[in-house]
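Below are two complexes that have chain A in common, paired first with chain B and then with chain C.
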Partner chain A sequence: MVFSSNIFIFFFLPACLLIYFLVPGIRAKNVVLLLFSLVFYAWGEPIYLFLILISILLNYLTGLYMERIPSWRKGILITGIVMNLALLGFFKYYSFLLGIINSLFGLSWTSRELPLPIGISFYTFQALSYVIDLYRGKISVQKNVFRFALYISLFPQLIAGPIVRYSEVEKALSDRPVTPERLGTGLMRFSYGFAKKILLANTLGAIYEKTRFQLESVSVLTAWIGIIAYGLQIYFDFSGYSDMAIGLGYCFGFEFPDNFRASYGSKSITELWRRHHMSLGSWFREYVYIPLGGNRVGTFRYILNILIVWGLTGLWHGAGYHFVLWGLYFGVWMLFEKYVLFKIKHFPSVFAHLLTLFVFFFGFGMFQSATWEQAVQSYRNMLFLSGMPAWDQSALRLLVTGGPMLVIGGFFASPFMLHTREKLMKDHFTVSAVISLFLMVLSIAFMVSQDYNPFLYYRF
Partner chain B sequence: MEETTRKKTGDKLVYILLMLVLTVSVVFFVKSRLKEAVGIPYDLAALEQEIMESGLLEEAQPGSEATIRRNYDLLPSAYGEALHIAPRDFMSVEEIIIIRLNEKSDAESIRNAFVRRTENLKLTFENYGTDQYDLLCSCLRYENDLYLVSVTGHQASRLMEIIRTRIER
Partner chain C sequence: MDPLNNDQSTVASDRPVNRSRSLKNQEWSKNYHSAAVYGFLFVILLVCAGLWHVLTPDRGYSALEKRTLTQFPPLSLQNVASAEWMQKVEKYASDQFPARDAMMHLKSDISLRLGETESNGVYYCRDGSLIQKLDPWTPELLEKTTDAVAHFTERYAFRNRIFLMVPSAMVLSPEVLPFFVDNQLETSYLSAFLSRLPETVQAPDLLPLLNETKQSGERAFYLTDHHWTTTAAHHVFTSLASSFGWKESAMDFSVVSNHFLGALVSKSGYVPAMSDSILAGYDKEISVRISRTNGEIQSSFYRPEALGTSDEYLFFLGDNEPMLSITTTADTDDTLLVFKDSYANCFLPFLAASYKNIIVIDPRYYSEPVSSLFMTGGYTDVLFLYSPHTLAHNEALSILLEDEAPE
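After this line comes the complex of A and B, so read on.
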């Protein structure tokens, strides 16, 4: 099930909130949330419920036995990590790995691509953070299997993040405030996110889709309009989902970390990635980059660490060479910023901002593509290499019809809008409530009539 | 002391046993998923190239996920893989679509999408484009456990023959 669907908005969410607020005590509320979360996950693909239950059991037992058999702690941790990664690796990278084996050994093994269990990358990373933090002694073991199951399967952040670490919800699993005020504030945040997804992301996505028709014969202008629309769509889609998740979490008494902070307002790629999909960035920093030595190592090792982390970040986003390359592209650019750009004094701020946006959006040529060939074709289109003109009639028409939406998108992605929303929610509750109610009604009206409402996370 | 040691040994045995049970469960689950997935035989990109180079289509060109969405109202998440060779312009009806299923249960909705597409085009060309209408009426369809295929064109039967030879391999 996804948030931007009729079934969720009209049935699932009202039923869940109603029952959740009616039942007394945290224990009963946990049971309600757990049951709803499992139904949410099983919706559409019930077979994979088995997989998330296996993951819950595996990590629960790993934590439990790490405490019971202290002399085996390291071995149990390694077993837990290996089994988590094996599950993720098989379901997400099976076909990709088979392709590598085929090309390495000249084989022609064929396979059907397995449908990816939705949200497996998110909940596996959450589970890994639990077992690793437990090993490091940062958290204490969760002995109640139902509470642990709730942590892994909590539906607001289950399929599109943010990646919530156990330490961030440890206390809330057994004791948390559930009040009408929180419900109101949470729903406000939810409706802002919902509007981002329905009104902005889907509209921008429809513009992008127009540029994907006959990829081999689009003008340079069309290719760039497409990439800008796609970049904005991704931002509003992802940050919208995060806002919805954070808002819902707040309704239920949880406080999830922020995931997007107007990242397109950054002045460097390094800064941008600190404000974009923050929970993933901090996960890699905590569990990969720092254990590798971080920046407290020699230059060569530091560069290697950066490239490893960004190669893995790319791979997390999708099973394909072009995703790895997409990650490495940012790693290399960050090194360039560290060793060259940041050393230039008085670097004009406007130029820094534009350069950052250009570099980030240019990277979408790889990210948007389903295959390596499509990625190459996208760059040929953008860089005048496909033999097509700079613009044509259809590009100009697209610019006239879609251009205003790109400008609106740019405005709503700016830090100004983030700060306005935060100020409204903090200091002008009633005004914010009215706006969010209006946005909710408008978004629902759009959603029921929209024929384009993609779910972009099926590959994560 | 002895009791503590015995308890710890017991814990170790239980842990090993539980991990084995989990591993076996996962292996069986994976095996069942793979069983569902066996038999994917053919690279659709190669098939597209073969069809385009065959010269059996006069007014068609390679399509994309976007053309499938536009013409069939099918999102990429609704199918595993697809090959679409789309009509070159609005007056052409030559078209091939091959959909590889994610799940067998998806077949019906995709079959309906094929029928809807043909019926819509027939309505467009009825009493207007005789040649196009005739081609649409003689459109060929084929399906097996993994693929659904629809071919419309002057050389539909020869094209279908090529496709079936490949995807049944």
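After this line comes the complex of A and C, so read on.
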């Protein structure tokens, strides 16, 4: 199920909230949330309900046995990690890996395309945070399998993040505030995220789609309009989803980590990634980068660490060489920033902003493409290499019809709007309430009438 | 376990404890009472919308969208396990949303104000009219169709083989199109199609004739519908009558509706600048008898009962039918075979004076072999009357005509 559907907005959500608030006691509330979460997950692909249940059981038992047999802790942890990665690898990277093996050994094994289980990248990473932190002694074991199941399957953040670490909700699983104020405040945050997704992301997505129609014959201007629309769409899609998840979590009494803080207003790629997909970035930092030694190692090793982390970050986003390359591209650029750009004193800030945006959006040429060939074609189009004119009739048309939306998108992605939203919620609640209800009605109108409603982040 | 936080009632009585807690955790808002009121209001609104959704009787068919709407699917274990049930429920919920049409208008209107002059393949033009664009077409289908017409017209003997291709408003009025919209697809289709027809088929270019209508200050196409107007159709008929031996009958023209909102309104969701009028021509001398596929007989080309409904264009001949058989009181033995789409519906009345019998086939719905049309003998003339919107994307005509083509 996705948040931007009639079923969710008019039936699932109100039913879940009503029952959740009416049943007494945290145990009953946990049961309600767990049941609704499982229905939410099973809605799109019921068969994969078994997958998430297997993942739950696997990690629950890993935790339990690490506690019971302390002398085998390391072995059990490694087994748990390997099994988690095996599940993820099989369902997400199977055909990619097969392709690599085929090309290395000149084989032609064929694979059956499996539909990607929804949210597997997200909940596998959540589960890993549990077993690793447990091994490190940062958290205590969860003996109640239902609470553990609730942590893994909690529907607000189940399919598109933020990636919530066990330590962040450990206490809340058994004890959390459930109040009418939190309901209102959380739903307000939800409504802003909903509007971001429906009014901004989907509209920008429709502009982007128009530029992808005939990839071989688009002008340079069209290609760039497409990249800008895509970059903005990604931001609103993902940050809107995070807002909805964080808001709903807040309604239910959880505090999820913040994700996406006006990242396009950053002055460097290093800063941008700290403000972009924050929960993913901090996950990789905590469980990959620091265990590798972080920056407390020699220069060569440090560079290697950065490249490993960013290569993996790329791979997490999709099974393909171009995703790995996309990650490495940022790793390399951050090294360039560290060793060159940051050393320049009095680097004009306007230029820093523009350069950052350019580098980030330029990377979308790889990110947006389903295949390697498409990625290459996208760059040919952007860089005057496809023999097409700088602009043509249809590019100008796109500029006229889509231009206002791009400007609006840029405005709403700015730090100014983030701060305005936060200030409104904090100090002018009534004003914010009116705005949010208005946006809700408008978003519902758009949701009902637009067929174009896919959540991009399903495939990650 | 902290009993204070377990359920709502105790929480409500111990507000300060929670107040400090939520403040400490994440300071999102300081307005506790407003937040609570807002929260309840929000949930109540969603519940009401849900109830409205459920309690509104389901519609079977949407006249605006011209399609049957999804009904609530039957529940079975198999359906649920394969997710088919869920997909259908989603479709059902979006199809049956009570204010769907109003919502669509709101969305198109806002998008239009933000500069988006295209919705669902329909342009909102500079003069306030709605014009449908032609989707990209393939030369393969074009060749297949023209070949089929050529084979068919060679195979059977006719006095006149006539092909009337009605150009679209895109071609007639490029000056009203939104900025930077061109009609390349439409013009290239028209010229490619007409030039590929064999010389034995008479296919006059209708564009100059429609232009004459336009120059005379009349509309050749509706503002809100993709069809050509009765005025344009009649002008084309009188201009071509002498070349095809058509008799011009005395006609009474009268406006039958001033509130026509055409198919492009529902397709795009745009609220048009004004509505259209429908003009009908009544033959003063000839009367007709039309039998429809379902056996229904009518004595007029027009169906006044469609006026005042949501789809007034059905005034012209009603719904698309596989086959219509028209008998007239015209003083002639000539017969006519027509292959057509809905563009012929307002044109056929003018032909009543020239033929004793007219068989009208819409290949999209006609499933018999074409030879069955010739069981009782041949036809004097054959007429194809089409718009590119149908012909460029639908292969029904070529399939029907090639039905028994030599291998």
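A few comments on the model shown:
One rule holds in what follows: the second predicted complex is superposed on the first by the 460 of 460 C-alpha atoms of A that agree within 3 Å, B and C clash if a C-alpha of one lies under 4 Å from a C-alpha of the other, contacts with A are read in each partner's own complex, and residues count from 1 in each chain.
We take it that contacts are C-beta pairs under 8 Å (C-beta built on N, C-alpha and C of every residue); 3 or more make two chains touch, one makes a residue touch a chain.
These numbers were taken from a predicted model, which means no experiment stands behind them.
With the two structures aligned on chain A, chain B clashes with chain C. In the superposition on chain A, A:R212 makes contact with chain B only, while chain C stays out of contact range. In the superposition on chain A, A:S140 makes contact with neither chain B nor chain C.
Once the two complexes are overlaid on the shared chain, A:P404 sits against chain C while remaining clear of chain B. By the touch criterion defined above, A:L58 reaches chain B but does not reach chain C. In the superposition on chain A, contact is made by A:A445 with chain C only, not with chain B.
Of the two partner chains placed by superposition, only chain B is touched by A:M83; chain C is not. Contacts of A:F50 after superposition: chain B is touched, whereas chain C is not reached. When chain A is checked against chain B and against chain C, the one touching more of its residues turns out to be C. Across the superposed pair, chain B and chain C both touch chain A at residues 47. Interface residues of chain B, counted against chain A in their complex, comprise 8, 11-12, 15, 18-19, 22-23, 25-26, 29-30, 33-34, 36-42, 45, 61-62, 64-67, 69-70, 73, 75-77, 80-81, 100, 102-103, 146. Chain C meets chain A in the complex at residues 1-2, 5-9, 11-12, 18-19, 21-22, 25-43, 45-47, 49-50, 53, 80-83, 86, 89-90, 93-94, 97, 99-100, 103-104, 106-108, 110-111, 114-118, 178-182, 269.
Partner chain C is touched in their complex by these residues of chain A: 5-7, 9-11, 13-14, 17-18, 21-26, 43-47, 174-189, 191, 203, 250-251, 253, 255, 393-394, 396-397, 400-405, 408, 422, 425-427, 429-430, 433, 436-437, 440, 442, 444-446, 448-450.
Put simply, chain A touches chain B in their complex at residues 47, 50-51, 54, 57-58, 61, 65, 68-69, 71-72, 76, 79, 83, 86-87, 90, 110-115, 209-210, 212-216, 370, 373, 451, 454-455, 458.
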